[in-house]
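Shared between the two complexes below is chain A, which has chain B as its partner in the first and chain C in the second.
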Partner chain A sequence: MSLFKHIRQLNALQCLQAKRQYSPAALKSASLQYDKDPQPLFTDSETQRLLQSMTQLQLDKVFRQRTVPDNSSETKFMTTLQLEKQFVKTIEKAKHLLQMPPVVKIKQDTERIISKDPAMKDFATTKFVFTDITFGLRHSERKVVVRDVDGSLSYASLDTTKRMNQLYFPLEGRKSYTPRMFADEQLLQRCLDEHKYEFILDRLLVQYEPYETEFHNISARVYEHLNESKQFDLLRSTRHFGPMAFFYAWHSCIDDLLYDMIRNDYLHNAVELIALSYKIHQVPVDYKQTLSQLEQLQPTPAERAHAELLSCLKTKDELGIEQEIHQAIGKTEQDFTADELSLKFIEQYIGSEHSRKKVQLELALQTLKEVNLEKLQLYQGLKKAHGVQAS
Partner chain B sequence: MLPIARGVFNSLTLMTRSSRGAIHTVSAHKCKAAAAESETVEEITDESVDEGKMSGSGAPDPKDRTKVIPVETSMRYLKSAAYKTTYGDSFVWTQYRRNHKGMFAPRKTRKTCIRQGKISTGNPCPICRDEYLVLDYRNTDLLQQFISPYSGQLLSYSKTGLCQKSHLRLMVAVEQARDCGLLTYDVPFREYDYSEYYGKQEKKQEQ
Partner chain C sequence: MSLSPASGIGRFYKHSAKIIRFVRQGCTNRPFYHIVVMERRKNQHQPVIEQVGSYDPMPNDNNERLVALNTERIRYWLGKGAHMSEPAAELLGISGLLPVHPRTYMTAWRNRKAAAEAEPVESAATA
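The block that comes next holds the complex of A and B.
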């Protein structure tokens, strides 16, 4: 029996050592980190608005079919009024699903001793952990204290607190051990190479708290890899797009994302991204005027999604000829004016010393301009042909 | 003319007698053997030749399952033409039917198809009947066939017909694959209470 015990202890030791070997690998990989507290800038209402607008709201993507045990759907008969109410609710729900995970700085673990009682020394051979399991407390408010072997009573470390919280109030999807995907360097690299960005980030949110070191390291790695592979469309209209854009703006490497936005003809997003980076780095360029003008011209993503939902109620005959032209070209007159504004702003950015991939961006901008010009001509021609008055 | 016809008939009856899976399985075995040779898995073929010499008989026993097939071979097999001719586009379990008396199948499938390194039944389960299907967490193509596209859960053995032992191995492999991130699944949504992360700091700043 004693031999068995011995072997088991040895095995446990080996496991511990293996774990320790893993952790520095994850630490080493992250090269970019928030050097100061990003919280005030991130929670700022203007930043939040910019990030939400950049994220966009594609209903197909937000409400995609999930492979979860309960994904039943309900069929109902509704009047038009009820349906419109339901649409509003749907948009609210979509906004909720796009809630961005908080960006906070790494929390340092501090040892806080409550009392030292030498009389309690060697009372037991192991530590005692006391947890307050009152119902309804938040995880951060829950008190966890540890009585050490040498008799001192202290607040538990962050790691212990998290484990105790998970023990008594488990978070769905969180594992009590580190998943091998995050522990093993090669497996994570493989996931990244297969472009499973959303899966990795989703799992990261569930497994770690936003203030943990691992959270920062792994998310930074994912964003860096994404910046190289340029598959930004995978994260667009998910909850991770905002923090990603914020990360790029913070570390001033927005050019690839900007290029992607210009190529996909999301010019207002590009303007917002540049404005965000100006804001973070406190560049003395007046961006607020352009932003407010753009806001007046273009609806927010939520409004756009709502309009899209409402448009299914209308039949084709109800749509005017003007609407039909809009649909065919994909742009309205307001969009064209907004594009002109944003093009001016982006050119100004490319001309400045902040952009690093000037040639590439200029080329993309030039192509877009030509396409836009063609569209504008077509739009005006169509309008003329149908005898719609220029407003 | 007559002797040739008799020869064909004899070979057919032999085939049906030797395995109840009939021509389907036999042809599959032949295909696999051909595939293994063509893919120049020299070590494996050498071993099989050695085994053949040891046992003394010419053809290897189709019911023998003592040979360990590496996962890499299985992964290659799932992408090969031999696999395609055997199963087509359907899953490995779709064509399988359980044998039972009466109208209703017993609630549970049999405990195991392989006893003492040999197939001990006439109708082995979809995994056990094909020795080149290896349940392992790296073999994601195979594991994917047993996961429901609607609920993301593992399909029941009442649907797939796996024996209990294979089903257990399958469950373990799927769990391992998810842990390693080789199989993706929909992670539950986590809702954040912003005040939990930001509320306290704002209070401090006010003070």
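The block that comes next holds the complex of A and C.
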């Protein structure tokens, strides 16, 4: 019996060593870290509004087919009134699906000893971990205490607490061991090279809490890789776009994202990104006025998506000629004025010392201006040809 | 040996003696205990009033023994005047929920004594 015990202890030691080699700490840690607590700035309502607007709401992307067992959809007959109600519900659901994971600072592990009892030294050969399994507690509220071999009673470390929570109250999808994807450097690199950013971030969110070191390291690596590969469209209209933009703004490397936004003609997003960066670094530029003007001119992503859904209900005859012109060109008169405002703001940014890739941005802006001018001329021409009164 | 739900299916008299005790689950050479509340006079494998925790006496990979305690219910039953079996009382003492049981101190003292006695022998053997 004692031989078995001995072998078991040896095994345990070996396991510990093996784990140390395979732990996520072995991963190359990302170079960019939040130097102070980003949470107050991130949860600020204005920042949230900016980030949500930048994320956009593309319904076919939010409700796309996913790799889950059940992807079935239901078909129903509805009256127009019911359908309109359903549209509102759909938008709410989409907003819910796009909720951003919080950006918080890394939680430090502190040792909190409850009592020391030298008379209890060597009462057992191993330590005891006690978990409170009282019904209805949240994971963060659950007490886990450890009685060590030397008789001291203390609160368990964050790592142990998480392990015990996962053991007694498992979360779906979270593994009790580190998934190989996050433990093995090569596997993670392969995922990154195949541009599976959303997959990595989704899994990261399931596996780790936002205040953990691994979460920060791996997410920073993903964002940095993304900044180099410039495939921002993969994350647009997913819940990870906001934290990504916030990360770039915080570490003042927004230029690539900005370039991508200008190329895709998301000028108001570009303005919001610049404003966010000004807000974070407290640059004395008045961005609020431009933002409020833009807000009046353009609908929020949710309103835009709702309008898009509602327009499906109307037949072509009901739309009217003005709508048809709008659909053909993709912009309304309000959009053109908004674009002018945003262009002025972006040019001001490019001229300042904050932008790093001035030439590239200027070229993109120039191209966009030419295209916009053509569109405007076409718009006015079409209006004139159809005899629509200029409002 | 069938498992009953944690809320228990055991019938009990209002004023009968209740006890918080271990029930040995697991199998041959692999003990695992449920910490339960049941009528004192009953056999351990009869239906329980309520399961309030579990105890795994075999150390896991991280060399720790895992105990789960539903402290809210344990306190309720103690308040109702439930008794405790000695191993259960010892465990609750170690957890810090109750004062440490004298037997724990005894074991600790004996272990320390045995280790102190074994040490000179070992050093003599190596010399």
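One rule holds in what follows: the second predicted complex is superposed on the first by the 365 of 391 C-alpha atoms of A that agree within 3 Å, B and C clash if a C-alpha of one lies under 4 Å from a C-alpha of the other, contacts with A are read in each partner's own complex, and residues count from 1 in each chain.
Note that in this section contacts are C-beta pairs under 8 Å (C-beta built on N, C-alpha and C of every residue); 3 or more make two chains touch, one makes a residue touch a chain.
Keep in mind the model is a prediction, meaning the values are calculated, not measured.
When the two structures are aligned on the shared chain, A:Pro210 is found in touch with chain B, with no touch to chain C.
In the superposition on chain A, contact is made by A:Thr131 with chain C only, not with chain B. In the superposition on chain A, A:Leu153 makes contact with chain C only, while chain B stays out of contact range. Of the two partner chains placed by superposition, only chain B is touched by A:Val68; chain C is not. Of the two partner chains placed by the overlay, neither chain B nor chain C lies in contact with A:Glu111. In the superposition on chain A, A:Pro102 contacts chain B only, with no contact to chain C.
Put simply, chain A uses no single residue to touch chain B in one complex and chain C in the other. Taken together, the chain A residues at the contact with chain B in this complex read 39, 43, 66-69, 71, 96-97, 99, 101-102, 104, 138-140, 171-173, 175, 179-181, 184, 187-188, 190-191, 196, 199-200, 202-203, 205-206, 210-211.
Contact residues of chain C toward chain A in the complex are 53, 59, 61-73, 94-96, 100, 104-105, 107-109, 111-112, 115. Partner chain C is touched in their complex by these residues of chain A: 8-9, 12, 15-16, 114-115, 117, 119-135, 145-147, 151, 153, 164, 167-168. Contacts from chain B toward chain A in the complex involve residues 148-153, 179-182, 184-194, 196-198, 200-201.
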